[in-house]
Amino acid sequence: MKYTKKLAAALAMSVSFASMAAADGHATLEGKTVGVAVVGTQHFWDREAFNGAVSTVEELGGTVVPVDGGRDNQVHADNHDILLNQGVDAVISILGDGAVEPKFEALKAAGIPVFTVDHQSPHAVNNTTSDNYYMGTTIGRYMADAIGGEGKVAVFNAFEGALRICGIRAGLWKYVLEDYPGIEIIQPELAEEFANAPEDARQKALDLLTQYPEGTLDAIHVGCWDQPAIGIVQALEEAGRTDVLVTALDGGPDTLEIMAEDGSPFVANVAQQPNLIGSTAAQNVAAHFAGETLLPQTFVDVFPVNGQAEAKAAYEALGYGTLD
Amino acid sequence: MAVALLQMHDIIKSFPGVLALNKAALSVQPGEIHGLVGENGAGKSTIIKVLAGVYKADGGTVTIDGEALQDVTPRSVHEAGIRFIHQELHLVQHFTVTESVFMGQELSGIGGLSRRDMKAKAESFFKDALGTELSGDLLIRDLGIAERKLVQIARALIDGAAKLVVFDEPTAPLSSGETEKLFAAITNLKARGIAMIYVSHYLAEITDICDRVTVLRNGKTVSVFEEVLPDSTDAMITAMVGREIEALFPDVSHCASADLLQVQNLHHQAFSNVSFDVQAGEIVGIAGLIGSGREEVVDVLYGLKKASEGAVKFNGKSQAFNAPKDAVAAGMVLVPRDRRHDGLVLDMSVSDNVNLASLDDISTGLIERRKMGLAKAGAVAEQLDIRPRDPSAKARNLSGGNQQKVVLGRWLTRGAKLFILDEPTVGVDVGAKVEIYALVEKLAADGAGVLVSSSDPGELVGLCDRILVMLRGEIITEISTDGLGVDHLVALTTGGQAA
Amino acid sequence: MTQSLTIRRILDALPITVFVLLFLYLSLNSANFLSFPTLELILKQAVPTVLVSLGLATVIVAGGDDVVSGGIDLSIPATAIICAAIVADQVTNHQSPLIWGLVLAFGAAGIIGAVNAGLVVWVRMTPLLATLATSVAIVGVTKVITESRRIGVTDPTIVFIRDGSIAGIAAGVVLTTIVALAYWHLVHRTKWGMNLQATGGSRDAAEISGIPTNRFVVQSFLLAAFAGWIACSFVLARGSGSSPGSEENLLLEMVLATFLGAAFSPRRVVTVWGAVLGAVLVSALSVGFISIGVNVFWTGCIKGVLILLVVASAAAGREQ
């Protein structure tokens, strides 16, 4: 099946799933106050997930108390205390690291259900997320194919230990690579910064390229997201290197644009639907209040993007506009 | 006579090129107030600093209570019961009176400071020892200058171990009403048997409160007055001045014409009711001690400070300069007293400094024409005999006299109408002085007005056509320099003789 | 004269007026802003800022409150973060006991304090530049230690600081109060503290009074680093571990809190209790803004403007 068609069909399915829940009648947030906590809104993914959650809560008749951690995980965690103090009926918590766990526990103890986005927690009712298993294995296969099944690979992997979703994505990527004995992951792994990712990654990639001259490095992979990839591509251009390929995850519009350029070193990605993820989390809150039993995780479809043509198609299909 | 409390004998102290003290002597009896007078540079502050252990004397002895002090250090002097009330107050603005009095000597017990104890001690000290009521809780910044001075005195004396207190120009920043307050405190201290050395330019104060007076001149003790009478001032001035005025000054009298500057009823925090005028082609002097308001008058004229009242007419037009650039634009220029800070950019070349005020003339649009600037500076250096003659030499490396010529040269290139010279020859050697005086005379002869503010009475008498004498913020008289003696001018500025 | 006095009074009153207005607005617009749980929340969230502000207040008291040439230490938040990273690394990655991590962190804080003091007192750098430089260096070293990764901590002592309570009040708040009282006593109620204040009030006056001013400046930087070290346990408790990049927000709040404290002090000078009050007010503002749903960027902007206000008012006060 042609990629575009496949994508369009899948998209239609996920959209109908969303509208189905809304049309259900009993799924309403009328009279409910829902806190929506997001770690930051600078990055596309975070902002879209946040917007999706906020707008759906409002569409369902609920009141939103939005809080934004300004890309500081500690501030994000503290914000949950404020939501607790405000006496909201439910909390949707988007991303965040381990610092939020005790806060979830406190919310749960106070009888306030917590719904997470891209953050698995024993204290949450449900976690809405992309199919991270599929993302991890797919990007592993695509990258291995792109470099011909052998070579040296560097990985930006700051969050594998800190965030479960990153553990899955990076872990499965490595799991796939186990079957390619010719591929070597350069040690130590690189760690990107959270707050200022593109610039930070640019610097680190430049250092890396100096350390591994022409012909000794085949790909740079970003283990859990795509923002650092922007800086990595910049670094490759600056260093005039065409021998190194880039792969990453998330597939936001900025990285799809880079992939869509002619001769782009950025060859593989897996696109998520952050707005739909946020929106689905809000639907889940409504479903919970309607007495439905939710599964611990809700998976939202992802779209593998392999090469320039698919990047253009995905960009259009996801509603970001057209690229030509 | 009893054993002297303090005896300083044959004190010698030299600095590179200067013999500041040449066998000076000073002797203070228990319980007396001993005046110490002399012109600027006579060695008053040097001998005080030797006593304080700040300077180490090259020779001589210091004896306290009949015992020679082997090692004169700030600590040993303090332990001997000598305290210094410096001219600067050295107080912390946001401290309370109590905190300031006990600064560095706080009382504390178990659990921290004994605040109540300190407050009680401070307040009773003000009452008993200084004869005034002052709450320990007031903030220094809310006090008048006289009260701050009392706090400073209390800090020096609160430990009760003081035998001799040295006052260095204590009344300089005070108005006459405030001076009364200080004198009351001093009288009170005397009654408690504390001896004092009183250093002052104000001879009237010296005759008012001192029991004996030592006069220094050129680093030597030239006279000790065993008895001080109200009319002793004349004799003191003669002893202080005691020299012929050198033939430094060209003998030119100017025919003044046209009102250049008219100042009417100018008021400011530091002075009041100041009126005078300067004609084109005339050199007018302003005499007065530090704190007389002399410096502030200059600052107000030049737009560095603002007058609260009054009118200034310059070159026929009413003017109130808000900033120096307005004054410069109108043709009034200043050679500032602190040339190293205000007059020169020390790390720039002579050429750049000369051209600083007239960049417009040597630049077209945004481009500065360096060659033209250098040539112009070269001409000025030639004219004023600035050495080294190299216009690209750094100003920092020039001698004081040559630096001053650079500052003057800057304004020469502008063709100004009125030159205000503030302390034009401080730190300038005699040779350069003569050249600067000749230049000033030439400026006047060429039709410019000159206003000279100076603390050197000889300079004013020699250079100026007439002199405005300021005392405590007012012009007390205006005198012609025809037949004027330096001693007479000193008497006027020190309040030693009524105008 | 009278005109400039009026201007000064207005400037003096401006920060307080703005704060009072903001608080009125917050309490009117957020239903439970003035309630006990909110108060406790405000205090709990103020804890790290209070602790680093204690250090900054001490340095400013010793160095004078001129923003450019006076005392300032911008490296305290970075010190707290690096100490937290060292402790987390030891406890979680090396399975060392907490106390060993704290000892190592203490040594690091001591080195930082000594370097700051050395740069300011002996190399004669302005404190602003010196501590900015050390701060940048410390952040770099922190990244090396943590490899820019989060390190979680589950040590029971840290958990107690986070969740425990003493006499019904949050443990973090109680412990911080004790530390704050200790700093207050030291700086404002001892002979040492008076001499420290004299050093900052007028270096000349202090020297004339026989106070060894350099020694006091050095000690103030050591005390500031010490405050950073103390803060690290609370930073760890707050984040249940060390997260990279937390020093920026802390720095902003510390500077705001400390200078705000000066605006509230009767003598208009930086004091320890003023800094504590300032930190609590800043925390109250943050909580208040979030409660009424103000965008985080606007909150940052408002805080920036407030810093300008209090610093400008302090500078204008000195002009007079």
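For clarity, chains are labelled A, B and C in written order, and residue numbers in each chain start from 1.
Simple rule for what comes next: contacts are C-beta pairs under 8 Å (C-beta built on N, C-alpha and C of every residue); 3 or more make two chains touch, one makes a residue touch a chain.
What you see is a predicted model; the values in this text were computed from it and never measured.
When every chain is reduced to the mean of its CA atoms, the largest separation from chain A belongs to B. Here B-C and A-C are compared, and the pair linked by more C-beta contacts is A-C.
Remark: chain A and chain B have CA centroids separated by 74 Å (rounded to whole angstrom). A straight line joining the Cα centres of chain B and chain C is 45 Å long.
Taking each chain's centre as the average of its CA atoms, chain A and chain C sit 35 Å apart. The part of chain A that touches chain C in the complex is made up of residues 41, 64-75, 77-79, 81-82, 85-87, 97-99, 101-102, 158-159, 161-162, 188, 191-195. Within the complex formed with chain C, the residues of chain B that make contact are 86, 88, 90-95, 99, 102-106, 108, 112-113, 139, 155, 269, 308. Those residues of chain C lying in contact with chain B across their complex are 1, 185, 189-191, 193-195, 197-198, 201-202, 204-206, 208-211, 267-269. By the touch rule above, chain C contacts chain A in their complex via residues 32, 37-38, 41, 44-45, 143, 147-150, 152, 162-163, 235, 238-241, 243-246, 248-249, 287, 290-291, 293, 295-297, 299-300.
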